[in-house]
Every structure is written in C-alpha cells, then in structure tokens.
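In the two complexes that follow, chain A is the common piece, with chain B as its partner first and chain C second.
Presenting the complex of A and B:
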C-alpha cells in the first residue's frame, strides 16, 4: 500500500485542484465585500485592487442591517438552548429505557427532521398568524426548535449510549435520584457531545431560510432572509450583498472548523462516528 | 407507577415510569403541537377546496378532487416532479462519484487530513442562501468571475447568459449543488474508510487480489452501509431543495428550473390555493417519508436499535 512518487504527485495535484475549486468562490465573496463598485463591475476579474471598508457600514448602518444580525443571533441562540433543554432528556430516556414502541417513536423523530419544510409551512404560518406571533422571533425560534429537536435526540442518544450504564447505577447507589444521576453525573460526562450538538444546532438554525422567510419576513427576519432583499433586477450593490453574506457565513465557517471532528456524526444523525 | 427502586441491578429499569415521562414529555408535546398538528392540518386541507385567493372557497370537503386534479390534469406538477428526480439523480450521482474518489485519494495519500478537510468543508457550511447569492455573483453575464473564465477557455459562448438560457439553468444548478455537497460525501466516506478493519485487505493481498479486485470485492461491500447512508441523506436533502434555486432563479426562466418545493411554494404562497397546495405538499412529504424509511431500514438495525455503521 505504499504509493510511488509519481502516483503521489498526481494525487496531490488532484487534491490541490479540488481544494482550489472548493475555496476560490468563497475567497471571491470575501474580496468582493472589500471592492468598490467599479472593481466589482469590471468585465475582467480584478484580483488586485485598492480595498475599501465602505460596504460594511453602508449596509449594516446605512441600510440598518445590524438588527438582522442580532435577530440571527437570538434565533439561533435560543432555539439551540431550547432544543438541547428539551431534546437531551428525551435522548437520555431513549438511550437507557426499554419500552414498547421505542424504535418506532425514535424513527418518528427522524421523519420530523426530514419533513420538507414547505409541507408544514402553511399550517405553521396560519397557526402563528392566528396567535399573533407571525413576524416575531418567537415564531422562528419555535419552528427551528421543533426541527432541531430530533437532531438533538438522535445525536445525544448516541453520546449517552457511549457512557456505560454502570455509571448511572453507581450514582444511584450513592443515593442520587434518577434525575439527580442524569443531571449531576451523566450530563457532565456527555458535555463534549452536548457542546458539539449545540454548535451543530446553532449552525443549522443560523443557516435556515425557508421557515424564517415565511414566518418572519419583516421585523423578526434574520440575516438569511435579509440578504436576498438586497438583490434587485437592476443595480444590485454586490459589494453590500457580499458584506452581509460574509458576516452571515464567516462565523459559521470558523465555528464548523472547531467542531470538525463531531461534524460527521451530527450530519449523519449519529450513524457514523469519526 | 413503580415503587422506590434502590438498586440499579442489571436488567432492571433505571427509571420509574414517572421520571421517564417527565423527561420525554416536553419533547413529545413540542413535536405534537408543531409537527404532528400541522401535518394533520395539511392532510385535512388536502381534501378541501380552501383558497385564500377565492372568497367562495371556505374549505368545503371535496374528497379526492385535489388528488385527482394532481394526478390527471396538472402537467406542471408532473414536469416539476420529473425535473426534481432528474436533479436528485444527477447531483447526488455526481457528488457521490466525485466525493468517493476524493475520499479515497485523501485516505491513501494524505497523512494528516485536518487541513485539507477544513478547507474542503467550507462550501457545505455556508448558508444555502449565501451559496445561491455567491453563485449568482460568480455567474453574472457581464462581470461574473466564473463566467469570464468559462468564456476564456471556450466552455461558454460569448453571448450566453447562464440564468436566462433554458438549456443551461438546470446544469448550472446541478453543478452548484455538486460544488456545495461533494465535500459532505468526502467527509462521511473518509470517516467510513478510516474505520475499516485491515484484516480483509491483508487477506485479499495474500490471495493475490490486485487493487481493482480489492476495491470491488472487499472495500465496496464493507462500505455498503456508509454508501447507503450517504446516498439516502443526500437524496432526501436534494429532493427538498429550495433555498438555492429560489435565490438563483426563482424557478425560471418560465418554469424551467421549478423544482417540486418551489412549485409547492408557488401554489401555496403565491396563488394561495391552500387546499390544492396541501395536496402537492402531501406528495412531497410522502416521497420523503418513503426515502426516509428506506434510509432507516438500510442503515439502522431495527430490533436492537444497534448501529450497523460505526
């Protein structure tokens, strides 16, 4: 299995090309956010140019996009907290308890995650309109919590299952209640898994578009819903679009790199442990 | 309700019923109110004539009329259904082949995968909306960076504009999806490759099997669960594709790039034809649930709940 040098060189060349293809478009977005209108609209792609900072304040302060960033943070933050608080205990029960219909119920959680948003969007839209919660952060937070919940259940069940049952039993021997054993002993042991799950929930909520777009198109809209509004059939200010897109993506890219190890597990619903 | 359980001896329930329900209840309530409820509402409205565009249609029960209309009269639905299937097969197929090849390459020639993976990861972590906008910028007719280079190497005619040319729109959308999700296949397949046992390969080498035979007879069978997992997860996601296409073309020009989700959106939120829209949404849901149960059967073991892929 030791590849020769020629094979090695070809392999590295192919990999280099793949990496360049993967990264260049995003680099172009970063560059565009620092370009003036003239540089952006130049028919020859401009790789070297005099950078300008003007796009960022122009859109975040001038066009008041700063509150959208705040909305994104609140929605992703609160829906993550909620889905963990509700999902982790349920996952613990799925990991430890045997009861009839457990696997069916577990599968049911998966289908809720897979459900196409468009098919339950109308009832949710009507529900939130009827309760006066349409176009508020609450509506989006609840919607995101309900789809992230199953991810938490699926991921955390795996992490809890990795912790030997004997640990719960020992904690109970020491006189803790079952709830106490879960909160005081098992949950702290599962903390790394919990953190990875939290980051993934945050990313998925932050990146989500359709629910947010339908449930909070104006006041409560997050960044993902706000960016398309900057694109007009004529005279789109691409520098500003790029500036918002960078702010909407860069933190997530950095975040994702931090939890890279757990990413595979999360994105495959715990089926693959990397 | 069970009595006080002091033991925790093996085989005994670790919970009494009360605690278990207490821990499960919030999740169940949330799911019932915000997922099961809406699902039932959708299923019910699919059998009514509810429309917000037409004040006469208050939602009277009309039986299977919506589904009859969907099956027999709605050509747009069927063409968008076919288009969606094409999209799924083309993009997931390409992603799978490219992603698998890339994973093999990385597995065999890169000792420390961290840096390569970190960079490859970027496209799939971007918000789909941002991906849509990014490619809209890159493929602009008069100043798009990618357009420029495609033209200079002769892959694109000088006067062609990708998003207004009906024959180029879907290939472009497939290419963008491939750009975004190939890294996902690579990441998962690589994780699978790294967890493979060495012995079968050593045995095959002893038996004189060449690299190709090893790949076909040893590696692929061992990777079967991972392959099923990747294809189904990507398939389900691609079938639901909405964000990128919505941003890039909105389904146009005409209905050339109108995928099923976009069509369902149009019927519900543009025409406000809620009853009929529910029937369309129901069909999308049905296909996803079918794919989903195949996923579950193929990747997870039902009776024990044990994971096959590890």
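Presenting the complex of A and C:
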C-alpha cells in the first residue's frame, strides 16, 4: 500500500464519520415521524418498529397545519422574489459602476447581518405594529427580505463581475438600452448564479423562526412557528413534531440537490471575487 | 455620410487625460484605422464614437448632426470587440440575429439576413452551435457577422484580431478587407499593429499620448511621416533615425558623416528607411564605409545591421549585395531624396 492510498483511506474514513454525524439526526427524524407514541417514548431507542402513517394526517388535517405549509411557501417565495428584484440590480451596479464610497456601502450591506437578529426584533415589532402589518405575511416577508437582501447583493456582485463588461456593451451596440442590456443579456447569463442565490434565500427564509414567531404568531405563522405549538401541557407530541419537521425539510433537501453545484460555486466564487 | 470628432477631450476620474482635443473627420465608405501604442487613446476614441464613453469636452457629429449625448443604440453603429463578447447562452444563429430581434425585424427577414451574412463569413456550418464550441477565429467571425447583420452605416472594431494567432489573423484581415469592399460600409478599426493598419486602412490616424500625429493614406504616411514618432512606428524594420547635426553640407553623427546637399546648419534628426540605403562598391561618390555587425536573412531579403558609433543602422538588401561576414566593412550611400528630417526637440517633420 503506497502512502497515497493510505491517505486516501484515512480521508474516506473521516468523510464517512462526517456523513454519519450529519445524516443521523435526519434519519432519526424521518423514523420518528413514522413511530407511534409508545415506540418514541420507549426507554431503549429502536431502529425496528411497526411504522404508522397516523402522525401526518393528525397534525396536518386534525390540527389544521396544512395552511402553515402554504404560509411558509408564500413567505419564502415572496421574500426571495423581493430580495432578488431589489438586490440583483444593486449588485449589478456594485459590479459595474465606480462611485465614491462604493466599497463602504457594499460593506454596510454585510454589517446588517453582523448584529444578532434579536437585537432588531423590538424595533421591527414596533414598526410593524405601528403600520398595522403585525401578524400578517407581509411583515414576515419584509423582515426576511431585509436580511436576504445583503446575501443577494454579496453573492450576485461576484457573478456579475464574472461577466465581461463588453457583453453589456455589445448588447447596447445591438440596440438595447442600458437597462435592456441588463435584463436581456446580463441577467440570463447570470442565471445559474441567480438560481443559486434564490435557493439560498428561499432556504434561509423557510428555516427562519425568530422573526416569524415575533411578527406572525397566529394567522400568518409558517411551519417553523407551528412546531412549538405541539409542545402541549400534556407532553410533547414528538411524532407530530417529527412529521412537521420532515415536511419542512423536504423542499430544502430537493432544492439543495438540484443546485448544489451552483451553490458551492456561488458561495465560494461570489464571495471571493467580489 | 460623414463623421466628425471635434475637439474631443477625455479626462478619466483619476486625472489621466486619454485624449487632448482630438479632431478627426472622415467620409462614408472609408476604412479608417486608429493606430497607436497602448495608452495612445485609440480605444477611447473608438468608444466615444460608439457612445460607450462620453467626452469630457468636444462634440461628435454624424452627417452634421450632433450625436455627442446619444446612447449607443441610437447611433446606427455596429461594433466588434477584442474578446468577441458573444452571448454565451445563445446559439450562434441567435447571437447574429440579436440586433435584428431587438430592432423588431420580421422572422423571415431575420432568417434570410442571418443566412446571408453567415455565408459571407463562411460560418454557416456553426449556426446551431453555442459560442463556447467555437475556435477563436470562428468566434470573431460570428462577432463580425453580428455587428454587420443589420447593415449599420458604420462598423467599429476594437482590436478585433489581437486575440487570434498569427495565421488566423492574416486570414481574417484579408476577409475584413474583402467585406469592406463588398459592403461599402464605413469601417473604423482600432489596432496597435502597424502592419494591420497599413494593409487595411484607406486612411490611418496615428495617435500618440492622446494626440493625433498624422491622418493620411497609408502610402503618404509611409512616404512622408509627419513626425519622428510616426516615422519609427510605421514600417518594419523601423526607419533609421540618427541624432546629429548638419555642418558644411554634411550630416554628422557619431561614427558617421554623409553628404546631404545644401541645408541650414544646426542639430537635427535624420531618418532613412532601411530599403533606401544603397550598398555600393568601395570608392563610389558619397559612399560611407560602415562595419557589418550582424545580418538577418528575412527571405528573400536580408537585413544588414551596420555599426554607426554606438548605434545600429539597418539596411534592407538582397543576398547579392554582400557576403554575410561579421566585421567586414560595407560601403553604403544615402540618396539625398530619400532622407527625412525631424526637429530634435519636438520630433516634427522639417522640410
């Protein structure tokens, strides 16, 4: 055995351990969602049990959690669209134009993410109360857009910078306005980056709990906020918690699979090249 | 249709001046070459014409109409970029069709126009490909097709051949010349390569440090360079230039003294093209003996490098002129009619 293959085996072993650590909780979650209350609470954790489907209808139909799924989709979807609609043009300007204070302003976008989220929770709450938007989807969508915006600006600047300036100029010579060149040529060329950014925005918004909980605890609450509702005075309904959690993670897993190649490129390249 | 740049000045935000009041006017159907070393302002001038850059002062007129503040799309010009600037997500066909689609041409008009220009540039077999699947030469042909397909009055080209390898560059050069002849459009071509400029241009604008040195037909520039800079920049090998002074009907430079006829005395720069120095038998009237340093055969000619003081004089001759033996003395004559004179301080041409 050469040293090369020895190292390779060690690398595989380390990787295997990492995968097991990362995946086990999800597997356990999945199994739990199909367990009866008895199996869940049994003192010895077991891999073998008689599966039941009951948890899913119990929570989604019995407890009317289905609309929460819809809320999650609306919040994540619209906050992603809004972040891209504002953030992508901003990132394009950062990538192309020179103006005084450009780098400072660019860094400012990042600093909005440096403070702990809870620190702006009270101002946000007061703002949305004053504007009458509290406990609506709008409030959560706007709150999520506020932190996704910085992500979009940071990631998309790198993607736009990768596109040669001459592409914009060629489109202008071909008869487009500056805005037309951006919409018609630059944006389609940046589509892979845009998709990766969108998925990341969607995931962050989908998983967000704190702002959603504070701003929409009742009517507009998404799935994440619904889970604590299953902690009842009579005990925690672990099977139903798991069922909600499985449904909540499913879109993320699918999305991540779809764009993982672009996602890795976007996160490294976009950040470094900016 | 005429184009005129009047007093174009461009100062960049960092304070560098790319153009110091450029005046340039040309007519419909010309092949104008903007020639100069890097930093001469040639690309800036081209971008001003395109509308991709805005002059700090001065005006640009097309047919007497001031277009200085018009955006590129309203100027009626096509442009070819050095790095091709093709749309990677569109097929070759769609790349070429793009200016037509933006300008709302009908579907069959688009098809026939794209086919026609693709035939001219011999890229028909690649119309369904993506730009990434093209070689450099093919990609640049597509870029030329895209710039010309909607028949703009003026086609701008910013160093379009510079990214191609030597052989391809020659091929495409000839094709551009043919295209210009057939289409009768105005071409404005930016390059730093004097050979490209000489072979392509109907007129060449030689730029240096943001100023126009000379704007004439290639032949006239070659025969009567307006300055020492132009003299040395145009023609390969470059014109021999020697700093010296005229005294008693002779030009004196270190290691060299040649008869030049009646001239006023004083310091001056003498220039002579390598092919106009004559190698003559010893004892010929006016002949100057010089020692052969090295010789470079550039078949069918030979370049003789002769020592004159600490300088080297290049003579373009044939194998018959002498034997290539380093250290030998050759006798050369400088025909008075072939001499160019430049001001030693300003470099301007003197009569």
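In this section, the second predicted complex is superposed on the first by the 248 of 274 C-alpha atoms of A that agree within 3 Å, B and C clash if a C-alpha of one lies under 4 Å from a C-alpha of the other, contacts with A are read in each partner's own complex, and residues count from 1 in each chain.
We adopt the following convention: contacts are C-beta pairs under 8 Å (C-beta built on N, C-alpha and C of every residue); 3 or more make two chains touch, one makes a residue touch a chain.
Computed from a predicted model, the values in this text were never measured in an experiment.
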First, second, both or neither for A:101, with chain B first and chain C second: neither
First (chain B), second (chain C), both or neither touched by A:32: first
Larger contact residue set on chain A - chain B or chain C: B
Touched partner set for A:176, first chain B, second chain C, both or neither: second
First, second, both or neither for A:235, with chain B first and chain C second: neither
Touching partner for A:167 - first (chain B), second (chain C), both, neither: second
First (chain B), second (chain C), both or neither touched by A:4: neither
On chain A, positions contacted by chain B and by chain C: 98, 169-170, 172-173, 177-178
For the chain A and chain C complex, residues of the former touching the latter: 98, 164, 166-167, 169-178, 180, 184-185, 188-189, 191
Interfacial residue positions of chain C with respect to chain A in the complex: 13, 50-52, 71-73, 77-79, 81-83, 85-89, 98-99, 102-103, 143, 146-147, 150, 156
Chain B contact footprint on chain A (complex, rising order): 1, 3, 7-8, 11-12, 14-15, 18-19, 21-23, 25-26, 28-29, 32, 40-45, 85-87, 89-90, 92-93, 96-99, 102-103, 106-107, 109-112, 114-124, 126-127, 142-143, 145-146, 149-150, 153, 158, 165, 168-170, 172-173, 177-179, 182, 203, 206-210, 214, 224, 227-228, 231, 238, 241-242, 245, 248-249, 252-253, 256-257, 260, 263-264, 267-274
Chain A-facing residues of chain B, complex: 6-9, 13-16, 19-20, 22-24, 26-28, 30-31, 34-35, 37-39, 41-42, 45, 102, 105-106, 108-110, 114, 116-123, 125-130, 133-138, 142-143, 145-146, 148-149, 179, 183-184, 187-188, 191-192, 194-195, 225-226, 229, 233, 236, 239-240, 242-243, 246-247, 261, 264-265, 268-269, 274, 277-278, 281-282, 284-285, 288-289, 291-293, 295-296, 299-300, 302-303, 305, 307, 309-310
